[in-house]
Amino acid sequence: MTFAIRKLAYSTFAAAALFVLPATADPAGTFRFAEQAKLITMDPHNHSGGGFSYLRPVYESLFDRNPDGDIVPVLADSYQVDGRTVTITLKPGITFSDGTDLTADLAARNLNRVIELGVNAGVKLAEKAEATGPDQITLTLKSPDPSIIDALSGTAGMMVSAAALDDPALDRNPVGTGPYVYSPEESREGELRVYTPAPGYRDPEAQGLARIEISEIPDNTARLNALKTGQVDLAIFLSSPQAAIVDRTPGLKLLRQPGGTTYHLSVLDREGTQVPAFADPRVRMAMNYAIDREAFSKAVEFGLSTPATQPYAEGLWAYDPALEGRYAYDLDKAKALMQEAGYAEGFEFTMPSIPIFASRLEAVAGFLKEINVTMNIQTVEPGTLARRSRTTDFPATNLVWNNAIDPKFVTTYYVAEDAVFNPFRIKPDPKLTELSEAGLAIADEAGRAPIYREMLGRLAEESYMIFITTTPILFGASDAVATNETVQFRPGTDTPYFAGIRLGN
Amino acid sequence: MLRLIGQRLLAMVPLLLIVSVLTFSFTALLPSDPVDLIIGDRGSEEQYQMIRERLGLNEPFVTRYVTWLGQAVQGDLGTSFFNSVRVTDAVMLRMPATLSLTFASVLISVVVGLGAGVAAALRPRSWIDRLATVGATIGQAVPNFWFGLILASVFAVSLRWFPATGYVRLAEDPAGWLRSITLPALALGLSTSAAIARQVRSAMVGVLQQDYIRAARAQGLPARRVIFRHALKNALVPVVTVLSFQITVLLGGALIVEQVFAINGIGSLAVAAVRQQDIPMIQGIVLVLVLVVMAVQLATDVLYGLINPKARPA
Amino acid sequence: MKLSHVRPSTLAVVIPSVAVLATLLICALFAEWLAPYDPLQQNLMDMLQGPSAEHWLGTDDLGRDVLSRMIHGSRIAVIAAAEATGLAVLIGVPVGLFIGYRGGWWDWVTMRLVEAIVSIPGIMVAIVIIAILGTGLHRAMFALGILYSTAFLRLARSVVLTEREEVYVRSARVIGASPSRILVRHIFLNIAPPLIVQVTLTVGAVLLAEAGLSFIGIGVQPPQASWGTMLNTAAAYMELNAFLAVPPGLAIVATVLSVNLLGDVLRDSIGRGIRLPEATPVHVPASAPARSRSSEPMTPRADDALLVDGLTVTVSPKGGQPVPVVTDMSFRIGRGETLGLVGESGSGKTVTGLALMGLIGAGGRIAGGRVLLDGTDLLSLPASGLEAARGSDIAMVFQDPTTSLNPAFTVGSQIAEVLRVKQGLSRRAARDRTVELIDRVGIPRPAERADAYPHELSGGMAQRIAIARALSCGPKLLIADEPTTALDVTVQQEILDLFRDLQDDFGMAMLFVTHDLAVAADICDRIAVMYCGEIVETASVDRLFSHPRHPYTSGLLSAMPHGASGTPPLPVIPGTVPPPGSWPPGCRFASRCAHADAACAAPVPLTTAEVPGQQVRCVHAAALTLEAAQ
């Protein structure tokens, strides 16, 4: 199967995204951004999520998404997908901030490193990359993957200079092709990351800032205060009382970006090895009915989120309007189902938690208590929840689903027998497997949508994924930043485009 | 005096060695394999062995300890398990905030404690004495972080006199530093103020009954001079003892109070290191904290010798 | 401790503390019955509410009833305190007992380990232990138990070290009891009192530490309601509902405060034995101080250095009526003259000396009389005038030179300070004069000694320094309060010689207070004998020794050691000195006097006897034949 060649000729997607630029080209002003995640590593290929902002000023990917959500080439010039073969032509004349050139060999080396490290789930289906021409690389896949270009628009597609790849301290000394360079001298570990314009960057227009400062402020109140006192101009927020306060503070705006994360429970032990009740779909449905999502999003998430019964929010292509309200709060129905399943007296199970999920789980425990289900909460170390969810330590777990990722991952994460979060290795309903495979075989979203809607519908009936709420990506911004049209956000992620931002008039 | 310092420094060596053995060996007790934590479950056996090799985990315990100690003596506390950050750098970067907070609260404790203690001792059983005594008793029962929350809610959130969170570095903005450190230091210093006030009061009451105070008065020295020169210098002796003992309490308290005011000090570094089980980081933090405690205790010993001639070595 | 021995102020502490702790315990035991709601029962529509009729303390972030969570939280507090303290005792005491008894390497190694642990901030130790064990109530309390066991270990060890040297342990060992039985039977009994005190201290510390650990999220885990986790929640919702922080905070404060206060009371009562009464119970008849003046007023004379006329001093015991301690005190000292003030301890002679200086302590008051120093009434001077006179015009040397010199300053600086403050000398001039004075009082190498601290000098040397200081400004009157009593016999004579020598040189008058008639006889020109706060007889030394006119003087003379023979004094005066407040209105010596009769029941004035200059306070003075000194 051959896809049409899409020759995209933007000089940079960022320039395309921008509106009329002021004529002044000299970088000016400091843009101060607050991250809620701590910086773990600045090595994009070892990056496992949270805190992408730290990478963005320095690194560029082969592709990126523009503010409209379309994939556009950045370091790539064009690409061609032919079954298991992806051919990517590089844009000529790209240089790293250390002065070296981005060659096809180096690009292949970067991609192979991503594949070997295996941190990035988006390239799970990639096999190897090789340089097949002066400006051309070929990526071979294990099986066709309609979302491979999407994956290469994230950290997997970020290009690191050859010297930096050899540096054991790459995690703190990033060298990329981006408009800004990281300044370790001015940065303070655990507090502040400073970036300055990269000399010789190919598009000086995109370097509107003299300095970017990204503060690490994991504490919600501290981040709010930093925003209030003008120590930062823009800050990421999760749904929290502090985000609600931003919303009502004069001089500040809470910006809701499309996409977001869907919080959900997942019953892992659905054959009842540890908790027999979980084997009965009626019990799982009862749990689904017992949760008052309206109250949950109003109280626990301060009205910043919306009730969800599926992994995608309205407006995204995989969203299914038919599933809306599938599990509307109905305590009587829930109790009846429990009765029917023979668990009117309830049962008990243990749920892993991390601090940021604590209040959500406390609320869920309160709802389940109404149908006599006792949910014990056991806190695990932050950063280990996903890992523990891959083991049989717990009969159920709770996670967030990023709306920006392809629905194929529903299968690879939860459904397939060897899915990441299927530690009990339960064989899925054959129909689900069949639908998953069908979804991979088609390239365009319009064709894939009905397949995935059917799959999600069947999943809802099995009710082992209990979706609760979808929270949009939230930013707190000063009025000046909120009205600054050069400040744009990358759809589905929690990072602004640093390239192109200008301050002042 | 130099001899005293020398003696004390010498006595620290075995204690430091024991602390280093303790911190080094407790990490062997950690339930999880650090390599598992680093690579998660995506790593192959080869990667696993490679990381073990890189971290030196395949060496015997004693070899690892000696290597670590040899580097620690030269000021190199190793590298974090999770990134290329050097432990010495991370600790030194965070230390100023924690030390600022600790020493500001020492200062507050001494000023408040001395003031209240002396005022109470001068008029035993007066209202001021009762107020100070009741205040000191309550002060020792108040959790420092709760007091911090209350201070933040009143003076930062409502009155907006001070920032509610954050730490401004002294070199960057001295006035901002003072403002950022005031509320946390007050919160942290409360119980130590109370301890010092109690100690000063009882010491002063005792000292004021001494013959030498009466003798000084009999020489016609002004009452103020007698109290603040003759009596206080003697009453300071137990205060210094309290301080040397309170320094570990204050440093420990700082770790918690930092969290209330979202100060990036040793506290958040320690909690993060413990959560990640970042062994070199935990070891480094403990060792540096003990060094700080010892330095302070050395300083209080010297101070003790200065105000109490009897304690000096002959 | 019997309740009747407890002071009301102690009860005022004990009763509320016990009430708080009892409430806590009841809440912990009967939380299910007392709490109006299930502590986990949420109502998301009613979250973050303030106090109301339905929810007395409002609701939290999930609409749960705060009061119910507080009540259930008290159970956690009790469990936390009991677990951690219990574990600390169970680990610390046996190990401490063992190493204390065994000694040697066991002791050395364990104690070095304990020192190492104690040098790490406690919270850090707890954090590290939690890193190993994991979070949660029981594991966190296990961590705290280990941490606080060091205190019990040291306590148990020190008790063993003290007790095992006790004779009975040794004897038990000889009889052949096993070491463990010795430990259990003998040592454990002695450890109980300090152990109880340490337990209260630990309980308070544990409650604070548990709250702290739960607050930073590594102690008790939600949804379990502990006061610490409630504060953790409150911190996140501070800007939306600050009240959330109030109930758990106050509960912690009240509980820790109660435990600490009870600990203080326990420490006072069992740590230092049964509480002693604050002061000797004195029941003063209201009429007692009435007789303040019975003798004729004295008239000043030109050659008086000091004239004391009708001086009365009272002391108010705590909460009681003022009690006279010195009454009707009248005497004079001529220029260059030395008057000895002689009496038993408690007779009021030291108080008299201090009263002249205006230095009687808190509760004391000069109730009447005049003190004319060179014609100026010191008692009528304002405080500043009196302060100016002290040191310059009137100075004092105290009994114990080792305590009357400030241990924290060099002796030279203490003399120089007086010179600089009183005479405005420069630093250098004061120093020179100081060295001169030290030389003058007979101390070799004065410049070197000026830099010595009091504890580096012998008693005699220190007293010479004190004398030098007293004389530094050339006072007109020197009060010497038993200046030789605390010194070795051999040194006493040297100091007396020094006084005599200095008096010749400086020409000051001296009031020499002593209980020793022999010393007084050595140095004084005249002697005033005091008994029960009043002078009973005054005379020149010769006259007093040869013709005592008061039975008490006679008794004192009989009790003197006989010359150089060293024969011990004979207790010839029967009975004891009545304490202030229980003095009879008449002759105070009457109850011990062989000559007492009905006439002695009326107040007795000090009257001039047959020889001028001899005065006596006895109605029978003229009639009695009394024994003189031999």
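Chains here go by letter, A, B and C, matching the order in which they are written, and residues are numbered from 1 within each.
The criterion applied here is as follows: a residue touches a chain if its C-beta (ideal position, glycine included) is under 8 Å from a C-beta of that chain, and two chains touch if they have at least 3 such contacts.
Which protein is which chain? UniProt says A = ABC transporter substrate-binding protein; B = ABC di/oligopeptide transporter inner membrane subunit; C = Dipeptide/oligopeptide/nickel ABC transporter ATP-binding protein.
It should be emphasised that the depicted structure is a prediction, and the values quoted were computed from it without experimental measurement.
By C-alpha centroids, what is the most central chain here?
Of all chains shown, the one whose C-alpha centroid lies nearest the global centroid is B.
Looking at every pair of chains, which two share the most C-beta contact pairs?
If you count contacting C-beta pairs, the leading pair is B-C.
With centres defined as the mean of C-alpha atoms, identify the chain lying farthest from chain A.
Relative to chain A, the chain whose C-alpha centre sits farthest away is C.
Find the geometric centre of each of chain B and chain C from their Cα atoms only, then give the gap between the two centres in Å, rounded to an integer.
The separation of the two C-alpha centroids amounts to 32 Å.
Between chain A and chain C, what's the gap in Å when you average each chain's C-alpha atoms?
Centre separation, chain A to chain C: 71 Å.
Where the CA atoms of chain A average out and where those of chain B average out, how many Å apart are those spots?
The separation of the two C-alpha centroids amounts to 41 Å.
Of all the residues in chain A, which ones touch at least 2 other chains?
Correct list: 221.
Pull out every residue in chain C that's touching 2 or more other chains.
Answer for chain C, listing residues that touch two or more other chains: 235, 238-239.
Would you please write down the residue numbers of chain B that are in contact with two or more other chains?
Those would be 259, 277.
Show me the residue ranges of chain A that touch chain C in the complex, using the header's touch definition.
220-221, 240-242, 244-245, 292, 295-296, 298-300, 353, 355, 358-359, 362-363, 365-367, 369, 377-379
Taking the touch rule as given, give the residues of chain B at its contact with chain A in the complex, in rising order.
The contact residues of chain B facing chain A are 37, 40-43, 82-85, 89-90, 93-94, 163-166, 259, 262, 264, 268-269, 272, 275-277.
Which residues of chain C touch chain B once you look at their complex with the stated criterion?
By the definition above, chain C touches chain B via 112-113, 115-124, 127-128, 130-132, 134, 204, 208, 211-212, 215-216, 218, 231, 234-235, 238-239, 242, 245, 248-249, 252-254, 256-257, 260-261, 264, 354, 357, 359, 361-362, 387-392, 395-396, 398-400, 403-409, 414, 417-418, 421-422, 453, 455, 466, 469-470, 473.
Looking at the complex, which residues from chain A come into contact with chain B?
Interface residues on chain A, with respect to chain B: 38, 40-41, 48, 118-119, 168-173, 188-191, 217, 219, 221-222, 225-226, 229, 231, 381-384, 387, 390.
Report the residues of chain C in contact with chain A in the complex, numbered from low to high.
Listed in rising order, the residues are 40-42, 44-45, 47, 61-64, 135, 217, 221-223, 233, 235-240.
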